[in-house]
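Across the two complexes that follow, subunit A remains constant while its partner is subunit B and subsequently subunit C.
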Partner chain A sequence: MSLGRNPIAWPIAWAVAAIVLAAVPFVHRDPYHLHILILILIWSFAYTSWSMMGRFGLTSLGHGGFMGVGAYVTALLWNHLGLTPWLGIPIALVCAAILALIVGYPCFRFRITGHYFALVTLALSGIVLQVITATRDWTGGSLGYTPEATKGSQLLAMQSGDKVVWYLGALVVWAFGLVVWTWVDRSMARSAMDAISEDEDAAAAAGVNVTAEKLKITVLSALMTALAGAVYCQYQMFISPDTVSGIGISLQMVFAAVVGGLYVALGPTVGAIITILLAEMLRIGFGTKAVGWDNLIYGALLVAFIIFLPKGILGSILDRLKLRRAPAPTRPAAEPARARSASAASPP
Partner chain B sequence: MEAFLEIFDIYLLEAVINGILLGGVLALLALGLNLIFGVIDVTWICYAELIMIGMYGMYYLFSVYHMPYWVAAPLCILLVAALGALLHFLVIEPLLSAPPINQLLATGGVLFFLQSFATVVFGIDFRNVGIKLPILAVGEMHFSYARLLAFVAALIGMVAVYVFMKKTYVGTAIRAIAQDRQIMVLMGVDTKRIYLITSAIGGALAGLAACLLVLMYDVHPFIGLSIGPVTFLICVLGGLGNFVGGFVASFLFAEIISLGGLFSDLEWGYVLAFGFFILMMFIRPAGLLARRS
Partner chain C sequence: MLAVEGLVKRFGGFTAVSNVSFKVDQGEILGLIGPNGSGKSTIFNMLSGTFAPSAGSIKFEGHELSGLAPHTIINRGIGRTFQIPRPFRRLSIFENAALAGYFGQNRHSRAKAEAAAERALAMVGLPTDRHAPVDGLGAAGLKKLELAKALATEPKLLLADESLGGLDETEMDQAADMLRKIRDELGITIIWVEHIMGVLMKVVDRVMVLDHGEKISEGLPHQVASDPRVIEVYLGTDAQATQAVAAARGNR
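Up next, the complex of A and B:
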């Protein structure tokens, strides 16, 4: 990380990384590997969206619900009204945002935090799952749902059999997620949210509009998660309540984000790489005998991580690097921006 | 009576009574979770998975090892009680000083673990203990004996816990800790031991619930996902850690599910109940019986 201080080095490094990532499908065309990469990118985006709230102590177990809304609304509009996903996805996002407001407003207004917030949002993913199952005449219930293959323009239907197209699309979406994460990380909202997660009353006394700040970050996170659901639906062309909504998915998001590292931008991506590769390796290595083993290992790992490595893999590695460079850090490495701004603000 | 039944829709009455019976079981589920929350300040997200393991325990003891029900049930309760204590010892104890949300997430990991453990060890087939209890017919109304039995057993279980909490030293200590966690250490109460005992009682209640639910439903590794959310909602609706609130909320919830199911599918009953829950979050966010501050 010797390029830390150089103003030109970082943009160049980013540009190189972007070109390398974008070039992958043209160099290596193996469809199976591309499929895994696309899944990793889409899920990384979803996990990143979750971590935008999760890092501030807003532990939502309702993101499975947002994802389900994003996927199902888009697919239902396409199949029943023939509405192109280019318009359907924005509508789905609006639905997810409204849902986030309905659940978020009373929670934040009445200071529902911690356990309570987690359980209330858990109710949300339960509701979405139940509604999808109960309206099986339209949604196919627990058997799943398939957006109809288009007879006309593939671009209009946002469908494509070409994995390269999907890889590039997923890459853009994933990069967008990272940009939003970094943007929030450097904004005033981040300081406000940090203050709120430390002490709500003190933050409110210092002039932070607690309810509004929390709602902003929640709606943003819900929008992105719904987008992830819609993209996943368009790519897989099959969704079921178990793969895009419900508590299982919500917990999976939490798990990947925590394992990768909640407080660093690439943490959720690392989490997605680990979880998806683990599942695929078990599936290839043991075939159908492996059913359940991946989650068995996830579960045990999640417990171990929360007890021994609460900052996640990437967070802990960055901590180590930071420790080696600066012998006596007073602040955790996971919050470099705050450390920077704090040292800049306080007079020497 | 005849005239009354004619005026009053018979199906409505049946649904109301079935709701009360369901409420008893839900109240038992909520009690265990509330106990753990009230005393240790931890939410066991994996609570329903403990019940699932208990149901498998019942299935194996009863259907595979051919034990009589009355022998298998206490064994099963002991088994889940031990699991509860183990869960506390292995997962919660190391995290007691961590932020509360970490404890919740760690039990989320246990949820994954138990669910896949069941998938790997027991397979994903639906299992049935094969006890067919008769249907009780009163007039034109039909009630299942299994529900009636579950209702009665749940009430007995709740009374037993109540007596234990009120009449014994340990019970008093548990209630005292629920009121003030810091002071009781100074009063010479061994919190570690009390926490372990509470976890075991919570587990035992899950075990009792398992013995009763196994009479009504098939066991499969994912049954926890259908029991769990309802239980959490009831606890939040009643106010986490508030025993009376949880009790009232259970019956309210059960009635909504039962009556909602009367007009449409059972799932719509659940959707209605969840909708009611969200509505109540606006009106009484701290629980049904909470005093307004």
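Up next, the complex of A and C:
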């Protein structure tokens, strides 16, 4: 944090970080550790995608739905039509975008906000889950679904048993998520969304097309989440409603993003590290006796965070550092309003 | 510039505005007054697109506006302020104005929006520093910010809604002077809705008086202030009337 405003220091720091991260699998080849890192990167990307909306008070409890669409559409196209994921994923993303428009447009047009918006999106999670289980002849239902292993080119099938390849791929996807997050953060769309989250009428009076701006950010968030689902599917080669869709996944996204920090680029990444390490520790420490415990702990922690640390772990640490450097913070205004919006993130 | 014909707004069985017609000429300041519930704000909300009229037409530079969304109307060149300031507290003072400058001018260019924001903030006398927070502003500062947001959209017509409520007398005079300066220096036509008649009468070119959703009087300030119907429904006591007439004389 002592890099300050030096224009060269930051790019160099980023380049060093990128090289170090990319070098990890060549130095440390332990497959289990790589597996955990890959999961952290993929889920970080998914949580970042959620936070694109969540940071503006658009609390979606339906992102499991988008993730499920991304994963299942890609896998179904591969298994049934033999369509390469390189084409299947774009089609899956289009499906997720259409779904986002179908859910988002009526909500935004008729001003369904706050808790009511969260409830509508909760229904989206449920519906996608129901569709997957109801079409079990195609999707395998709750038993899960496996993309067929390719007999031809692994590259064409976007399949690989090599964890190093997956680590690097996941790293690129994760970094892409951060770039999009930062790009939005620096755009006028961020101002517009902040304004909308405070006062829709006043935003409209400033010339903001409220419905269009909300739809844009929703579609972007849905596209990224669906991509996370597809990447997860290609990596794990097994998907089930419990792992890529459904309400549990949706709530996990809310939890991780809130815990890590909604208003800083790396917040969701910190959230992913915490949630995945917690789940792994419980799994290793207690085995099958602890099934479902992680969700219980998530719930309790979520309540604690919304009340005591609304900016999340990373957000709060960065604030502390900023305060230490400069006694007068540049943007002290945001805290109460942001605390309020974070409290809307509590699951009903 | 603006031609309103037979404007009607009904809320269920209640008629808030009934058959109001008026014109606003380029470069003038029109005062819009009336007691509480007389329909001033409803007319404002129809002009700015918040409400769709039940009947009638609103033509701005020859184009029909009724039924258009608020953000479209801003982009046609009609800016508005709110009676109670509605700043965006998550944004800095500068970002508030830049947001309006960008989205209020059809997202033309960010540099242009930021330049417009700087001009607007300088015009109303707020800091143009990029990070100054809204929370440091008092009542007068928030009113200025409200005005700066509207000005940053570079409107041709400004709808100023009761912009003086909550200010002391010096601040009121300053704000009135500000509106006159906006018209004189930027050439922006203004419709000004106000409760405080004395200050308004000093600045406006023409006044329109509403009561129970109907237009009861329209004309030059001194004519309106001495209109017996206006004195009866709006001014109430003789003392207030005398004060208003005196103020209007100064603006003859």
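Here is the rule we use: the second predicted complex is superposed on the first by the 330 of 348 C-alpha atoms of A that agree within 3 Å, B and C clash if a C-alpha of one lies under 4 Å from a C-alpha of the other, contacts with A are read in each partner's own complex, and residues count from 1 in each chain.
Keep in mind that, in the parts below, a contact is a pair of C-beta atoms (placed from the backbone, for glycine too) under 8 Å apart; a residue touches a chain by one contact, two chains touch by 3 or more.
Treat the numbers as computed from the prediction; the structure is a model and nothing was measured.
Colleague: Contact-wise, after the overlay, does A:Val254 reach subunit B, subunit C, both or neither (first, second, both, neither)?
Modeller: The first partner, subunit B, only.
Colleague: Tell me the contact category for A:Ser160 with respect to subunit B and subunit C: first, second, both or neither.
Modeller: neither
Colleague: If we overlay the two complexes on their shared chain A, which of subunit B and subunit C does A:Ser191 touch? Say first, second, both or neither.
Modeller: second
Colleague: Of the two partners subunit B and subunit C, indicate the one touching more residues belonging to subunit A.
Modeller: B
Colleague: Examine A:Ile127 and indicate which partner it touches, taking first as subunit B and second as subunit C; both and neither are also allowed.
Modeller: The answer is first: A:Ile127 touches subunit B but not subunit C.
Colleague: Determine, under the contact definition given at the top, whether A:Thr146 touches first (subunit B), second (subunit C), both, or neither.
Modeller: Neither: A:Thr146 stays clear of subunit B and subunit C.
Colleague: Answer with first, second, both or neither: which of subunit B and subunit C does A:Gly207 touch in the superposed model?
Modeller: It touches subunit C, and subunit B stays clear.
Colleague: Regarding the shared-chain residue A:Asp199, is it in contact with subunit B (first), subunit C (second), both, or neither?
Modeller: A:Asp199 contacts subunit C only, not subunit B.
Colleague: Tell me the contact category for A:Asn79 with respect to subunit B and subunit C: first, second, both or neither.
Modeller: In the superposition, A:Asn79 contacts neither subunit B nor subunit C.
Colleague: Under the touch definition given earlier, write down the residues of subunit C that touch subunit A in their complex.
Modeller: 48-50, 69-71, 74-75, 80, 82, 86-92, 95-96, 98-100, 102-107, 110, 113, 131, 133-135, 149, 153
Colleague: Can you tell me which positions in subunit A touch subunit C when the two form their complex?
Modeller: 188, 191-192, 194-195, 197-199, 201-210, 330-334, 337-338
Colleague: Residue numbers of subunit B touching subunit A in their complex, please.
Modeller: Touching subunit A from subunit B are residues 37, 43, 45, 91, 94-95, 98-102, 104-106, 108-120, 124, 221, 225, 228-230, 232-233, 235-236, 240, 265, 267-268, 270-271, 274-275, 277-278, 281-282, 285-286.
Colleague: Would you tell me which residues of subunit A are touching subunit B in their complex?
Modeller: So the residues of subunit A touching subunit B come out as 57, 59, 61, 102-103, 106-107, 110, 112, 114-116, 118-120, 122-127, 130-131, 133-134, 246-248, 251, 254-255, 258, 291-296, 298-303, 306-307, 310.
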